[in-house]
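The next part holds the structures, each set out as structure tokens.
Each of the next two complexes has subunit A plus one other chain: subunit B in the first, subunit C in the second.
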Partner chain A sequence: MTALLQATGLAKTYATRRTAFRAASSVAAVAGVDLLLPEGGALGLVGESGCGKSTLARLLLRLVPVSDGRISFEGRDITDLAESALRPLRRRMQLIHQNPSAALDPRLTVAASVAEPLRIHGLDLSRLPELLAEVGLPAEMLHRHPHELSGGQKQRVCIARALALEPRLLVLDEPTSALDVSVQAQVLELLAGLRARRGLSYLFISHNLAVVRQVCDRVAVMYLGRIVEEGASAEVLGAPLHPYTRALLASVPRLGAGGVVARGEPPNPAAPPPGCPFHPRCPMAEERCRAGTAPLLREVARGRRVACHLVGGHLVG
Partner chain B sequence: MTALLEIEEYRLAFDSFDGSAAVLDGIDLTIEAGSTLGIVGESGCGKSVLARSLLGLNPSPPARVASGQIRFEGRDLLTLRPAAMRALRGRRIAMIFQDPASYLNPVLSIATQMEDAIRGQDAAAGGAVRARRAARAHAHSLLGSVGLPDPARLLASYPHQLSGGMRQRVLIAMALAGDPTLLVADEPTTALDVTVQAQVLALIAELVRDRGLTLMLISHDLGVIAAACARIVVMYAGTVVEDAPTRALLEHPLHPYAQGLIAAVPDLDRPEITPRGIPGSIPSLLSPPSGCRFHPRCDRATARCAAEKPLLRELLPGRRVACHHATP
Partner chain C sequence: MILPRRLRLAIFLLTRSFASMLGIVLVTVILGLALLGPVIVPYPDHVAGGIDLANKLQSPSAAHWFGTDEVGHDILTRVIIGARLSLLVGIGITLAAAAIGVPLGILAGLVGGPVREAIMRLTDLFLSVPGLVLAIALVAALGPGIVNAMIALILVWWPGYVRLADSKALSIRAEPYIEAARVAGAPTFRILWRHVLPNSLSPLIVKMSMDVGQAILAVASLGFLGLGAKPPTPEWGAMISIARGYLPEWWWYAVYPGAFIYAAVLGFNLLGDGLRDILDPRSHRG
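Showing the complex of A and B:
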């Protein structure tokens, strides 16, 4: 399989200005991420709030300036591409947000919202009803305004709007988090069908591990701006290796029995702990985890990468 | 076991310029003293409005009680005078909410806010109001009892210096200030990360066990409810559709909506099962469907479902279902 989207050593550092209350400092929102999304693949990006998953998505789409590292899309390096050169590529990479109510202009009808990207790129507007049908909305919805639609219907409009430009890559940032569970299942069904029919690739950001396991064939787990584990979703979410992935999975309330409770909370990204960023919360941390630099993400099995000093030692098996 | 809270035929309407919305349509449920009850349902089903009814927190207007009773320890909460309700709030029934940040005053220290809560409870009890110093000592011990390390340092901090999980623990500590009997928790972990959510749920379970609290937990997340509650009430569009012990409900739901809700939740441990959505969307409560409010989305609906509202009936011992077609 060829890579549709690839990141190498990608980093984003935000400088915070000095204020009356605080000295100037910097926050490494994303620190040295290597990532590969194959053509037609679905990669899940999971982690808790503040882990940098949304920033990473924005970086990959070149929506925020890159601090360090390279991004390539369709085999072409887009890291330093000028905005004008980037624009034709934007058609093929589309973003879907968490909150469809905020993503739609309340004064535009559904038809006007979906037509907007077509008009901007000078494309044929006659396909509107077809697009709506593809996302499971009846044609009479074309003349409705967002306030007349339910949350699920609004998200379908956003998906239609993204599909209008015939993208190859969809970046979905918590696309079902604002939806009720019965509607979430409908939207996930739609996304699975679209991917199969159109051969789309998904970068799927979510804090919901069960949703990611449904949608994605690969998953990357982020903690404090770094990927700590990456591999096939059945393996990473079925038999996690990194202590953080284990803690995350154990914390998910199950319909069955209760899980194990991880201690502590995610640290402040502006003052990350030394050594492995997870060590203050890790039940297995040793001396070498507490000092030096963060452990590198390395391949521990075919197609399986983990950033932990202890994996490969007594943790495997 | 004796009933601590009995809700009978409770109807609440919200009046607006567009008409009157029947937000709660004849709620019937009982919470035994010392038990844990979860209320689950999707947005707009009325679960938060029901929780707020217990403390008289629904602003009126627009809220208007159309009928029914909410009896707590034998007294009807709906007819209590404001002073009597104030005496109850926090001392008998305490509540915690979804977004801890918005329930703390950003410009006051945790110490000041906790002292105020403790002294407020003293005043409501009608006895002597303790001095700030004594209130602070009590605050210190309350913070310790909710698992917060270094209470002295915490008391000197301001809300913005705390994480979301710590803020929720502070609010739980404040809720304990009046030594309540019933704790109403409305989506207490929804704003928290999953690892922190697990910690707060463990804390709530510990408080229920050690203090003999009765818990009413409201959540949209069946997993959260299943982790914390022995019994579950499923609500849909302002009605109770099923009321059953947790395990029985999850393994063998009887109401079509409860079945649909459970089938829609993706199961991390069984990814081979594709979650199924429920067709359609929740109805407008300004003009709710006739008969069973779920009938337009139900694949088992018949003419009777559109004509006649199903009563919540005991189908199996300890299990109530509101469906014409449900069978044990």
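Showing the complex of A and C:
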């Protein structure tokens, strides 16, 4: 399998402006992320709100300026490409937003919204009913406005719009979290079917671990702008190694829950703690976790990377 | 099929409200008078010249519904012809101000950074002086006259549109559908034209409707001060300016042009309110 999308040392730092009351500082929303999405793969990206998942997604799509690191798409370095040079590549990498109601221009009909990418790239518009059928919407929806559709229908329209350009990569930013549970399942089913039929690659952002397990073959866990654990989703979510992953799994409500529980709130990304960024909340933290630099993401077993001082190769059977 | 339904909804929303209906009626009457003016006025030669001193300062009667002025002109005739000028000037000022202000505002909101800073500080500079006072100063510098009055009012009017368009563009820029358009590969101009402008239009249309009334009032004010249309021209403000000397005895001379200014301003304001109800996207839902 070849890499469709690869990031090395990717970082995004936001500078906060100096005001009368506060000195200028910077916030590392994404701090040195290495990521690899193979052609046809589905990588889940999980973590608490504010951990930098969405920022990472927008960095990878070159929607926000990159502070540091490299991105390559289809084997080509796209980090420094100008917007005009990026435009033809945009056909093959598309984004699905979290809230479909906000992702559709309220003034445009479904037909106009789905046709827009085709118009921009000068493609044939006759495929519109076909595209709608592919996402399970009847052709008469073409003349509706977004406010006449349900949440699930709107998300289907967004998916049809993304598919119009025949992408190879779909970045899905919490595509089901704005939908109610019964509709979630339908949309997930649709996404799974599309991936199989079209051979799409997914970067699937979610905080819903059950959904990630269902959709993705690999999963990366993010904490405070860093990836702390990465591996096959069955392994990471079935036998987590990093204390944060364990805490994340333990926070899923279920009967007879136990195990690791993270204390408190995530720290302020503008002033991250020294040492391991998770140590203030980690129930297993030792002296070496509290000082020095953040632990690096190391391969602890085949295809399994963890960033924790306490996890050594010997822990994995 | 969609459009008639939306149209029916719009008509329903308008007719439901008495104020909106009154606004439409007033604006329609004034528009009608302006369009048909030269055809329907009883004394066409009284518009300018045609002095009839024998009939000067007649009180309202069957022959002269609104009475006559100090040179015997029929006031009804002059007020109707005045509607044409006021309306033209009011709409002209509003359109020109919007044509300057809206592109600048949308540019400021969309591009941001130093461009926005420059545009907005210039706007603040204009807005920091009361509009009419600045307009008076400008006319005084340019020389009195209806064209100069219009130029002065356009110059003080555009900053309001910059403010409104900027704030709209700023909030729309953050909408996910703008990002969706970028992901689809839309160039900035296309995003501006197809998404930002149409979605900022409703408050701008409402403001423009209200501003036509305000501009009519402003032109009349300049006319009243002797800085706008010159007295033989049948302009409402200029007419009141002369009529002031004939108050209170010959009250009809000032009252009728004044009533027309009042009706025009009220009409356009109520129409703007009604349009706000229709154009608010929330009222489409359900």
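One rule holds for everything that comes next: the second predicted complex is superposed on the first by the 305 of 317 C-alpha atoms of A that agree within 3 Å, B and C clash if a C-alpha of one lies under 4 Å from a C-alpha of the other, contacts with A are read in each partner's own complex, and residues count from 1 in each chain.
Simple rule for what comes next: a contact is a pair of C-beta atoms (placed from the backbone, for glycine too) under 8 Å apart; a residue touches a chain by one contact, two chains touch by 3 or more.
Owing to the predicted nature of the structure, the values given are computational and were not obtained by experimental measurement.
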Side-by-side fit of subunit B and subunit C on subunit A, or clash: fit
Subunit B versus subunit C as contact partner of A:Glu48, first or second or both or neither: first
Partner chain(s) touched by A:Leu248 [first = subunit B, second = subunit C, both, neither]: first
Touched partner set for A:Glu74, first subunit B, second subunit C, both or neither: neither
Contacts of A:Cys158 with subunit B and subunit C, given as first, second, both or neither: second
Touched partner set for A:Gln186, first subunit B, second subunit C, both or neither: first
Touching partner for A:Glu235 - first (subunit B), second (subunit C), both, neither: neither
Which superposed partner A:Gln214 touches (first subunit B, second subunit C, both, neither): first
First (subunit B), second (subunit C), both or neither touched by A:Arg87: second
Chain touching more of subunit A, residue-wise (subunit B, subunit C): B
Smallest separation of CA atoms, subunit C relative to subunit B, angstrom: 8
Subunit A positions touched by subunit B in one structure and by subunit C in the second: none
Footprint of subunit C on subunit A - complex, ascending: 61, 63, 87-88, 90-91, 93-95, 97-99, 102-107, 109, 116-117, 120-121, 143, 145, 147, 158, 161-162, 165
Subunit B to subunit A touching residues, read off their complex: 42-43, 163-166, 193-199, 201-202, 220-224, 226-227, 250, 260-269, 271, 274-279, 281-282
Residues of subunit C defined as touching subunit A within the complex: 1-2, 175-177, 179-187, 190, 194-195, 198-199, 281, 284-285
Touching residues on subunit A, where the partner in the complex is subunit B: 48-49, 150, 152-153, 180-189, 207-211, 213-214, 234, 237, 247-256, 258-259, 261-266, 281
